[in-house]
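What follows is a pair of complexes built around chain A, which joins chain B in one and chain C in the other.
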Partner chain A sequence: MARRIIQIDLNRVEGDLEFQLELEGREVVDARCIGSLYRGFEQILIGRKPKDALVITPRICGICGTAHLYSAVLALEQIGRIAVPPNASRIRNLCLMAETVQSDLRQSFLFFTADFCHPKYAGRPLYEKTLGAFLPFKGWAHRGTLEHSRHVPGIVAIFGGQWPHSSYMVPGGVTAPPTSRRILDSLSIINNLTRWFEQAVIGTDLGPWLELESADQLFAWLEAADTHANSAIGLMTRMSRDIGLHRSGFGTSHMLSCGAYCDSAGGQMFKSGFLDGDTGKIEPFDQAEIAEHVRYSWFEPYEGGRHPFRGETIPDFQPHSNRYSWSKAPRYRNEVVQTGPLAELLIDGDPLIGSLYRAEGGNTWLRQFARLRRTALLLQKMREILHELAAHLDDPHFTSPAADEIPDGEGFGLITAARGALGHWVQVTDGAISRYQVITPTAWNASPKDSEGRHGHWESSLIGLTVDDPDDPVEIGHIIRSHDPCLVCTVHLLDTGKRMTVWP
Partner chain B sequence: MSILCADSPSLEELLDQYGIDILWQPSLSSEPKGKLDALIEAILRDEQRLDILCIEGSIMTGPNGSGLYDPYRGRSKMSLVRELAEKCRYLVAMGTCAAFGGVHAAPPNPTDCTGIQFDKKLPGGLLPAEWRSRAGAPVINVSGCPAHPNAMTKTLAMLASGLPLELDHLNRPKDFFNSLVHQGCTRNEYHEYDVEDSAFGEKGCLFFNLGCQGPTTHAICNTELWNGRSSKTRAGVPCFGCTSPDFPLDQDLFRTEKIGAVPINLPLGVERANYMAYKSLAHEAAPERVLNKEMDP
Partner chain C sequence: MDGRHIVCFGNELHGDDGFGIRVYQQLRRLAWPRDVKLFNAGIAGLNALEFLTDCRQAILVDALADTGNAGAVCVFKPDDTVGRWETPIGHGLGIPYLLKALEIVCESPPDIIIVGAEVEKRAIKPFSPGLSGKSERAVEKAVRTIQRLVSV
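Our next item is the complex of A and B:
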């Protein structure tokens, strides 16, 4: 059978990605996920004052800067043994939730559902409704998302001055107190967003929808009213299942969540854990089990994997070798893992997501559905946090650390960004940053092969896939976009030089 | 992502009301296959008109001058930008990275980054200082990290509707870069009477101790609020000077360097001796409500 290699360039907010796929006929038999952009953030931080990380690292990403800020400040606070008052954690959590909701809505209805408007689906029964909802700049869900995702980062601006890229989380707390005006302004944003979410996205009230707790209940709900079936999530679900997205994109069965949102008892509002896909058991998460491999990456080579505290990021660009990516290959307990809202909600124990996962596995549709489920959960949590702040208006938002500067030492900050597990590992020597290692969610999902030659999660989720039209593999766009990469795919054939674009 | 937050005008308004047709935007475009490559080829063959070319991100010239730290289809984006630049009526650098190099060009500049027509403060980046677009304009720098959403959409609306667009010495549109971040900051009364904070989380001015560059940075942060709500300095975060060519400064970003009790970098254009005299008198004149920090910023 004829083998050929196709190349897909992915452009997204956090960087650029490219896939090289080997096809036999219509089946993907090998995949290489190529992180094609090198930026050198970790090198830029070395030698700088520790707090400068609060300014530099949010700028790693245009869509999840709050998450980087939160990771960075936790790492510095761990080094300095600095405690923060509960109101500071509440404000940090509220802002990270607002950023996540913003990202999830944009990913769902600006990036993921646009694929359903591909002319390939013109004969499908839902196609006209799909166009009406999801056609870029014209569909009602696309327009509504542009409008409403614009306002929710206003909550970050209310407490932190601006979104994106502020530095309002500082060791010891946050820079601005909760005031009645800030709380009411934020509630107003949540009220408006919730109303739109209920009317357009789920077609029903938030409370009862969050009470759905099994696959059977969800599918019965979907049939129960036209407003449910024709809501944005209804159309996304029905179209996804009509084209078989509940049977694709599984990848590795191991899932990782660092947990999210520090609570005042020293724990987290969403639990961390490692879901062992072989046993189905959820085990405690321990960051010491993380190691990064560079066997197939363009960095100075070392044997096996290294924990981020011993990690190095020394570029060694070798385009004509069998190394192929600027991404490292992180592994947990020496396993390939995936991360993101599906992992987060499964590990936290959301009953509906658990039921759907047990019924059909961790597929493309469920990954996307879990993201919107999370939006609904966060809308509720944000409201709760604002009520807590209102009840503690006079409590401190900042406690001055005993020392002005961060002392020498090492620390890490782990949280859940919109796309999944995010970690910063920092070492301070002689008052300056001596090592800074970041592992982003996309580094887990998009990792290249490791020193044992095992494919990363995205790579393995594509291998074995059959594409209808190898010259226009829209199936790949669905799978990769369900992980929230904010990308546009373009494809060209290496063997003929003929170029084409996957309809993004 | 910043531009999606623009509300005056919004991105949708640019399409609906200003006749702007987005040929390609990597995060939003959803066109039939082959569109981007066909577009680029058509533009390079002068078959497709390119009115405004917007570039985000610094131009990576490494490793070894190849530009391959940032490739597109095996070639460098650096060379693609150079070719497209010859075809556009206007070239707009969106953000400090594209304008001046930005964070990526901070020491040790690991990827050999530059801005499009500036390398930090120095004229001439990827394109020489004398370069002009087809409409006769230099690269228009809408700097900021990120660029202010409404500064981006207003600049595009001005170009699309033919409103005059005057540029400053760094080729930034004067409408957005002729006032300082300090102007409109709600901590100004504290600054006026020399009530300066030395710890985070308080209400006073951040200029003397906490690294705030508001009095030396041109931007609209306090005259056109972020997300329609606030600004960093209002929320107690120092201005880091992110619209300036030397952002990020190669020094502690949360500490003001001083000579004696007074910052080394004074508000733009101010004489040191006069400023010292003014500040010592100012503190004497401070009313109780300012000294006691009774006002919320």
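Our next item is the complex of A and C:
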């Protein structure tokens, strides 16, 4: 059977990703996820003062800079044994939620659902409604997302002075207190966004929708009213299932969440954990079980995997070898894992997501649905946080650390960014950063093969997929975009020299 | 809504893709009328929407696809942009996407004028700061063009 290779570029704000897929007939038989851009942030940080990380690491990403800032400050606070007052955690959490909500809405209705408008689906019963909702710049959901998603990072600017690339989290707290004006302005943004979310995205009030607890309840809810069925999430769900996205894109069954949003009791609002896909059990998360492999990466080789505190990032570009990525291959307990909103909500125990997962597994549709479920949860939690801030208006937002400088030592900061588990590991020697290692959500999901030759999660989610038309493989676009790779997705056919784009 | 914005796009780390930012560096040395604001939009993508609202006119500055006149400075309106940005000069979602989004989020979009220089595709070099000779020579011409547009 004829084999062909197709290459997919996934251009992101924070770097470039490509997929190289090998097709046998219409079936994907091999996949290589290629991180095509060397960043070098970990080297930039070496030799600098520890607090420089608070300015430099938010520049890693134009979408999730707040998440990097949060990880960096937690790592420094762990080294310095620095506690923060509850209001500081509230403001940090509020801002991270704002950033996540914007990313999730844009990923859903600017990128993922646009693929439903592909002419291939013209004969489907929902096609006309899909065009009306999701057609870029014309559909009501696409237009509404453009308008309503742009205001929510304003909350970060209100508390942090700017967004993106802000540096308002500092060891001991945040730089600005929660004034009445800041709370009112933020509440206004959340209320406006929530009104649109209720009216357009879920077609009902937030409260009752979040009370849905099982697959049966969700599907009954969908049929209970036209406003439910024809809401953005209703159309996304019905169209996804009509074209079979609940039966594709599974990848690894192991899931990881670092937990999210520090609470005042020293815990996290969303639990961390490792969902063992073989046993179905959720086990405690231990960062010591993380190791990064470089066997198929363009870094100076070492045997097996290394924990980030022993890791190194020394570039060694070998374009004509079997190494193929600037991304390392992180593994947890030596297992390939996936991370993101699906893993986050499953591990935290969201009953609806758990029920859907038990019924059908971690598929393309559920991964997308979980992202929007998270948006609803975060909108509710953001309002709660603002009310808490209003009730503790005069409490401190900053506690001055005992020492001006971060002492020598090592620490880590682990949180959940929009795309999943994010970790920073820092070592300070003689007053300067001697090692800085970052593992991003996309490094987990888009990793190349590891020392044992096992594919990363994105790679394995595509292997075995059958596409209807190898010249226009829109199925690949659905699966890749459900993992939130962000932006345009272009396919080049290397064997013929022909160039094309996965629609649109 | 009375102000005028000059919004410069580009990535100064990638050779001639940094044309707009090089122009920004020159513009910020000059004195401007009180209603004119300069912005370095870098590769802000959709986030640059905030620079295009609440003004009556916006001058966008960027590198343009090469039509055989590398180094030529062009001035045009958005309707005339077909093919202008079909090079790898994407800046994330790209300026055409940004302008379409502006029509949706802004009830009274500003009058948009685009000032750019054609750059050769080979001069957009990853991680090679600095402009090619042709683009560098176009910077002053672009600055003078913008001054004339603002003085009208």
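As a convention for this text, the second predicted complex is superposed on the first by the 503 of 504 C-alpha atoms of A that agree within 3 Å, B and C clash if a C-alpha of one lies under 4 Å from a C-alpha of the other, contacts with A are read in each partner's own complex, and residues count from 1 in each chain.
Keep this in mind: a residue touches a chain if its C-beta (ideal position, glycine included) is under 8 Å from a C-beta of that chain, and two chains touch if they have at least 3 such contacts.
All of these numbers come straight from a predicted model, not from anything done at the bench.
On the shared subunit chain A, the superposed partners chain B and chain C overlap sterically.
Legend: residue contacts after superposition of the two complexes on their common chain; A:R150 is shown touching both chain B and chain C. Put simply, more of the residues of chain A are touched by B, taking chain B and chain C as the two choices. In the superposed model, A:F398 lies in contact with chain B only, and not with chain C.
Once the two complexes are laid over each other on the shared chain, residue contacts for A:S166 go to chain B alone; chain C is not touched. Touch criterion met: A:C117 reaches chain B, while chain C stays clear of it. Applying the stated contact rule after C-alpha superposition, one finds that A:Q318 touches neither chain B nor chain C. Judged by the touch definition given at the top, the superposed model places A:T227 against neither chain B nor chain C.
Of the two partner chains, chain B is the only one touched by A:P177; chain C is not. Across the superposed pair, chain B and chain C both touch chain A at residues 11, 13, 37, 62, 106, 137, 143, 146, 150, 153, 164, 487-488. Touching chain C in their complex are the following residues of chain A: 11, 13, 37, 62, 106, 137, 143, 146-147, 150, 153, 164, 487-488.
The touching residues of chain A, when paired with chain B in their complex, are 7, 9, 11-13, 16, 36-41, 43-44, 47, 49, 51-52, 54-56, 59, 62-63, 106, 110-111, 114, 117, 119, 135-137, 143, 146, 149-151, 153-154, 156-168, 170, 172-177, 179, 185, 315, 317, 319, 396-398, 400, 472, 486-488, 490-492, 499-504. Residues 1-2, 4-7, 10-12, 15, 26-37, 60, 63, 68-73, 103-104, 106-108, 110-111, 145-146, 199-201, 221, 225-238, 240, 242, 248, 252-255, 296 of chain B are the ones touching chain A in the complex.
Within the complex formed with chain A, the chain C residues making contact are 43-47, 49-50, 90, 92-93, 100-101, 103-105, 126.
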